[in-house]
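My structure is below; once you've seen it, I'll send some questions.
Should a chain be cited, it is by its letter among A, B, C, D, E and F, assigned in written order, with residues numbered from 1 in that chain.
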Amino acid sequence: MASKLKAAIIGCGGIANGKHMPSIKKVSGIEMVAFCDIIEERAVKAAKEYGTKKAVVYTDYKELLKDKAIDAVYVLTPNKDHSYITIAALEAGKHVMCEKPMAKTSAEAKAMVEAAKKAGKLLTIGYQNRQRADAQYLKKAVARGDLGEVYFAKAHAIRRRAVPTWGVFLDEEKQGGGPLIDIGTHALDITLWTMDNYKPKSVMGSAYKKLNGNGDCGNAWGPWDPEKFTVEDSAFGFIQMEDGATIILESSWALNTLDADEAKTTLCGTKAGADMKDGLRINGDDLGHLYTKTPALESGGAAYYEGESSDPGVLEQPPPMPRKMRPPANR
Amino acid sequence: MASKLKAAIIGCGGIANGKHMPSIKKVSGIEMVAFCDIIEERAVKAAKEYGTKKAVVYTDYKELLKDKAIDAVYVLTPNKDHSYITIAALEAGKHVMCEKPMAKTSAEAKAMVEAAKKAGKLLTIGYQNRQRADAQYLKKAVARGDLGEVYFAKAHAIRRRAVPTWGVFLDEEKQGGGPLIDIGTHALDITLWTMDNYKPKSVMGSAYKKLNGNGDCGNAWGPWDPEKFTVEDSAFGFIQMEDGATIILESSWALNTLDADEAKTTLCGTKAGADMKDGLRINGDDLGHLYTKTPALESGGAAYYEGESSDPGVLEQPPPMPRKMRPPANR
Amino acid sequence: MASKLKAAIIGCGGIANGKHMPSIKKVSGIEMVAFCDIIEERAVKAAKEYGTKKAVVYTDYKELLKDKAIDAVYVLTPNKDHSYITIAALEAGKHVMCEKPMAKTSAEAKAMVEAAKKAGKLLTIGYQNRQRADAQYLKKAVARGDLGEVYFAKAHAIRRRAVPTWGVFLDEEKQGGGPLIDIGTHALDITLWTMDNYKPKSVMGSAYKKLNGNGDCGNAWGPWDPEKFTVEDSAFGFIQMEDGATIILESSWALNTLDADEAKTTLCGTKAGADMKDGLRINGDDLGHLYTKTPALESGGAAYYEGESSDPGVLEQPPPMPRKMRPPANR
Amino acid sequence: MASKLKAAIIGCGGIANGKHMPSIKKVSGIEMVAFCDIIEERAVKAAKEYGTKKAVVYTDYKELLKDKAIDAVYVLTPNKDHSYITIAALEAGKHVMCEKPMAKTSAEAKAMVEAAKKAGKLLTIGYQNRQRADAQYLKKAVARGDLGEVYFAKAHAIRRRAVPTWGVFLDEEKQGGGPLIDIGTHALDITLWTMDNYKPKSVMGSAYKKLNGNGDCGNAWGPWDPEKFTVEDSAFGFIQMEDGATIILESSWALNTLDADEAKTTLCGTKAGADMKDGLRINGDDLGHLYTKTPALESGGAAYYEGESSDPGVLEQPPPMPRKMRPPANR
Amino acid sequence: MASKLKAAIIGCGGIANGKHMPSIKKVSGIEMVAFCDIIEERAVKAAKEYGTKKAVVYTDYKELLKDKAIDAVYVLTPNKDHSYITIAALEAGKHVMCEKPMAKTSAEAKAMVEAAKKAGKLLTIGYQNRQRADAQYLKKAVARGDLGEVYFAKAHAIRRRAVPTWGVFLDEEKQGGGPLIDIGTHALDITLWTMDNYKPKSVMGSAYKKLNGNGDCGNAWGPWDPEKFTVEDSAFGFIQMEDGATIILESSWALNTLDADEAKTTLCGTKAGADMKDGLRINGDDLGHLYTKTPALESGGAAYYEGESSDPGVLEQPPPMPRKMRPPANR
Amino acid sequence: MASKLKAAIIGCGGIANGKHMPSIKKVSGIEMVAFCDIIEERAVKAAKEYGTKKAVVYTDYKELLKDKAIDAVYVLTPNKDHSYITIAALEAGKHVMCEKPMAKTSAEAKAMVEAAKKAGKLLTIGYQNRQRADAQYLKKAVARGDLGEVYFAKAHAIRRRAVPTWGVFLDEEKQGGGPLIDIGTHALDITLWTMDNYKPKSVMGSAYKKLNGNGDCGNAWGPWDPEKFTVEDSAFGFIQMEDGATIILESSWALNTLDADEAKTTLCGTKAGADMKDGLRINGDDLGHLYTKTPALESGGAAYYEGESSDPGVLEQPPPMPRKMRPPANR
């Protein structure tokens, strides 16, 4: 490992500081050599904290992309800037890790994929839930054929009262959407990815703004300001895929329900089914009897950098997941 | 109670013997005075077992309907005969209790309602789950406004492996449908009824025949014959109502899932929500905190004749539900 | 099924009345045509209750064996008489079902097997636990190779305080042994049978009489008479098989332990393991993770005649096990 | 406490740094005045971190033993060096605490005991599980006669997949054995010690190497290298003691089982029994009924230096175990 | 048992038919030879059902008492008649079993005890809870000194909503009291009896009529008639005994509480304590640790005639309690 | 918040350092400007750690009270000094927060209240349990009328073995009382405060010294010295209020019970009841059924400064309680 992958950070705000930079620092084969932010002091602070000694600071991402030494770029900007920066980075010959959601429009997203193909570079989107031990196991089990054909699925992203009250999460204009694009997209991603089925045929959906006005109702992060909560509070969808499969998508930040479940999928196949309701559980029949099979996964949460990467689209290659047990005290 | 309601049974087969006749016999204000079946001996047997001493037997329902002494008629025939017999009975001036499903087509069903209105007689359909203590409590709570506006709901009719192997349940031609019309209709009924919302605007749905071919797979009533299992094994729907509410309907006789739930509803309203997953549970917020409220219902199952009737559409008026506790042994 | 198997009962005492005769009566392809007991009235009573109309009664089993119409014989006598009657029956051309334990000595047992081979008739021993759903499933799973090579096992027959106080169970002279030959033999049988490994190489064991003197100690069937409790109260063994496998056998009628478990086996193989501690559980590793697999078996206890026979050595062929669920009340 | 016990450490490697030195430092009546290791820098580092200001460093243990000021010696070297260093230390007039296992051969162990007797010095072996609250309570209860005569016992040292992948644990040549000598010896020690029974008469045992070849199977510390795993993966024994008692010993680092239990004992006596399966539980009969008695032990794990020493063979005399509860926040 | 105890029943109403007569019939050493009721047909019916062939019927208890053949009398009349009939029976030389409550006034009760002493006959009151296995065990444990001096206790007779709606339970005039004298007296009795402490010094108490007016509130036996519910709904007391002990008594038929508990006691002594909250549990300290001890009692409820009598005041001597386990099916 | 409340600490001992000063420091609208202790160095240390830069130190509280800049005083001295210092502070025109117990005698307490009224200043006592989320919710629910009239209650302050062994807790002379005044007063306070009922009519009580002599019995903070344990170990009371309500008070530091519960209340009202046995639970009846309602309170324990203050008597106004959930890791 004489030469490490040289990475650059574009956008040194919340998600960069809260998730990516501290995690990348723990990965051995990669180092952060450049940092860009329109607020210079944020880039400077990040460079000091996470960069190499010679790390360079930029306020214009275009300048950063000219640096030949950079192998890969993390696009961690506001959503509206994801697409054009990613494309520019790919065209500049960099691999790209772009935060979710990928883009604001389908056209933008397609252009990103085209750019990656043309450039022959890797493009990955920040769906860290794929790296969870349960998702990894399920992906492999489906790929091996354990579930047969998966024809019915559910994507779960339901919160009872966990409305994010910081940042611009609640602002429809600035954020562009509510639970559907924020947590719903995670649930849908692991559903599509484990099914390995990405072609929808038709969709029907409903979105609601029903609880926005009642701010003091036991929210996980304290009361919200009803006037500022302008995105939907819940959204539901029914998706028929080209191959005949059906997916039900449920997402909410606030809903009167006891059935909260987030970043999870349920799959029903011809040979077996799976869900994540009480850890990962496989169910089916064998030797004339129904069975349940529960893998013992020591998933330490949903962090992006946990777990071994099995997906070529992911740039970081962390070391094997450290299992949770420590050597026992009695020798 | 000088004069009892005089009832007639049309169709003395499985559902009559398994559910209706033994139950009616326990209700004090009603007596069975006439029995009709195209197989005469079945009518004769029923009359002996359940009828009054002077009970009359028919093989032609038209003859039965001429009997002026009859107040009410139970239509317990195969599905295809529900509509025209019900209409004839109403026109003959009888109240009617018709088994579910109401009819084979929407047109037939509408004609039945029209006939009831015109005749000024009561018509009810055999949705006994409405009489369960949990459904009754929920109906009252919604009516009182406890849940506010109910805008999202689920109708649960999911079995893992409980395919009925007797009768004609599996025969698409004779039965006309699978879990959707058999158990799905029960779940949908208590959903619509507790919501008090009967006007759909648009519907999208999927039905599958995926497990039909694997007969020996731990079915509750033993292996089925794959060749005879011609109805769907599962069906799912997404319904948008005229007032904007959304209902998700899930039904199956066989599905690879651990989330089996039948004859249940989940409601999400602007003030509170409710489900029946672990008994009836109401959830909402109060004094700035989330809460769960669990009524102690001593529901003795799903039998039609249990519970007090609160619906004018139901003919029988059983005595108050006997609570399950007996006087303690120690005085 | 024009002609039914014609069976004779030799020994119309406790085990015949408590287990065999009522059960055989429920099996469709067999009928009891002859009954023998040295106490004639017991045979007469049995014939009336369980026999065909023309059933014959004997007090001498030799006379019974002369009856050409008899296909199979149940040897339900005291243990000491098992061997010679079984051999005589086989020589008379009958199939034999002999109660456990097979015989008092190894030599007697071998002679029985020889006689069966020579006569070309079926001989089976009354190990009804093989017919339990969990044992059946495990047998099939091991046979399919799911556990790999089974090299370590335990046979569990531990009771905390369940000393049988009736009959001659406690009398060493009459019974010939305590928990080891009574319940230990059941546990060992399902262990050997599911392993399909019957060749021991060496054995080490211990037997104790430690609690015999303390009769009033919470026994399941009330206090015992210390003077009459002359068999061992517990016995333990360590068995090495010819192929290198090890089996630990634990049996007791009374032992100061909280780990009571009876008629169960634990198997550890190169691919997976299995136990019956909380229902049947298979454990192993898959895709780099440990897993537990729990078949949903509706085992209705340990009765001999439950479950489908998969063993050619069993005479009775009962109909498929009726699953425990009944058609639901709501149609 | 004018003068503290002066201790010396011989062997400043893993077990010294991981267990002994940090723990000794917390004990008030003892101080570390000398450190020896053939790798000098390890001794120097230890002296700095744990020693008194005037602590001396050695690379030859013989030199260390000449120091008259030293009262006691900790022998924390590789197993092969335990015996001769211990004997030399005793002969030099020091008390000795030698890590487990005591020695490689029975002869070596006997020589150590002889040396201690001759020197009139204390010799103790590092079986820290004796200091656990549950073991201490059980020891006292047995000594008081609560269990009567203990005639059957089990020593539990079963891991499902917790193969130590560091150090030389897996190397048969260097380590001299697998789970039997590493964790099996702990389980056997608390069994023998609580029974107060150290005289075996005959033993039968089996050891296996069955799972060694399957390295990626959910091991607690990650996959192992099959080629380097040359010790046994499991070992089982059946021990008959001189007084007639039987002990079953089970040990494994990898076994397909759900019944993992380590450093525990089960005892069955004539008056009562005990196990540690769900905390310490005593079971027996009283006033004609069975009972279970569960002491509330606040055992903080298995650390050597926890708990009050009740064994004269242990050098350290820690202060009374700090109970786990802190003074409540509300005064 | 050549001659059986000859018993007479005075009062053949509810408690006689529901509890005493069917139970006495199961006891081997006693037979019912005389029956008295002011409603003759009730006595006749009882005699037929439960009496010996020559059983005599009376309508005047004084006539009955003249019968020299009668050994013992059951006084099962309304409460107001308990005292004078009991005294008359004792004076006539009969043993007496009188239903609880003993009498309406303290003076009456004292006169009954005096009469028994004078006559030299046995007098017992119908406190069947003393015969429960948990009460028996606790009584013996306290008597043996296991709890030391019992100085604080609670008598539990709290129902949430279990108001008896039949008979005259709710009628203050006819019944003389509510939960305090009906179920509170049972709880207090087992408290005093297990403490073996019957001398109160001072008492303070409160009684309430707070929920009487709300009849339809989930009562176990259906809604009550508020106008007829004239006794207290709850009553609480604080009793200081002559020896310094304190007893708290809690009783209710309806109370807004989740802590319902009936016919139970809690004892706190200097050596140990006991309660019946989750079966009988003894708690104390031993070897420097707290412990809980739970006897395995197979109490089959609270029926009077269950359990072995250990109280000389009880007339019936039933055979040893049949334990609940049956011989296992597998021999 | 240009000007902060200026507070002074009188008494810089255990309760000041353990509870008040660190907590006040976290509250934004208040600053500590003066510290008084008869041991000067304690005051100096406190001033450095918690005070403003210009904080002044006193050894005489009278001098401190002359400081005009001080708005409020915390009286954190030994109990005997509470009253006169509080009165002096009020007379000096300060608000006062005085630790519990308020005073040693009723007369002292009344004088304190009088002084506060006369001075027109706020006086509050350190009952921090009122600030717990469960107490706050219950207070509001009772005030809204949810429970109707509360006529029966229990104040729970029972410890099994949690005798405080530090300070002067056990010294009757110095401390003035045991569990009754230390933890009993907390339980009684939240009972009276949630009931909003402060007028007792009559009281009966018992106090015991029964376990004092048995020091080594599993105490939470280790064995106590029997000779120094001179306060009562338990105390019980029965209180009748002027309006007819009854309150049972139970308190202990050591009692042989499994029903330990501290700083909790149980209320029974005419409409509903409440307890804190498994979190806060409201119970009552609704629509003809009993119900349980459980608010989801994220109470982080019993600390004084947690929760929003709703009581005007509390000086500090902390910011809204930070709920326990953190923003999820996956964005």
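FYI, a contact is a pair of C-beta atoms (placed from the backbone, for glycine too) under 8 Å apart; a residue touches a chain by one contact, two chains touch by 3 or more.
In this text the structure is predicted, and so the values were computed from the model without any measurement.
**Student:** Most remote chain relative to chain A, going by C-alpha centroids?
**Tutor:** Ranked by distance of C-alpha centres from chain A, the top chain is E.
**Student:** Going by more than half of the contact pairs matching by residue number, which of E-F, B-F or A-B reproduces the interface of D-E?
**Tutor:** Selected from E-F, B-F or A-B as the counterpart of D-E: B-F.
**Student:** Just the number, please: Cα centre separation of chain A and chain C in whole Å.
**Tutor:** The answer is 57 Å.
**Student:** Quick check: how many Å separate the C-alpha centres of chain B and chain D?
**Tutor:** One centre to the other, that is 68 Å.
**Student:** Based only on mean CA positions, could you tell me how far chain C sits from chain D in angstrom?
**Tutor:** Result: the chain centres lie 44 Å from each other.
**Student:** Could you pull out the residues of chain D that touch at least 2 other chains?
**Tutor:** Those would be 218, 223, 289-290, 292, 296.
**Student:** What residues of chain B sit close enough to touch chain A in their complex?
**Tutor:** It is residues 147, 149, 151-152, 160-161, 202, 204, 206, 208, 210-211, 214, 216-218, 223, 234, 236-238, 240, 244, 246, 248, 255-259, 266, 268-273, 275, 277, 281, 283-285, 288-290, 292 of chain B that touch chain A.
**Student:** Please name which positions on chain D make contact with chain E in the complex.
**Tutor:** 133, 137, 140-141, 286-287, 289-297
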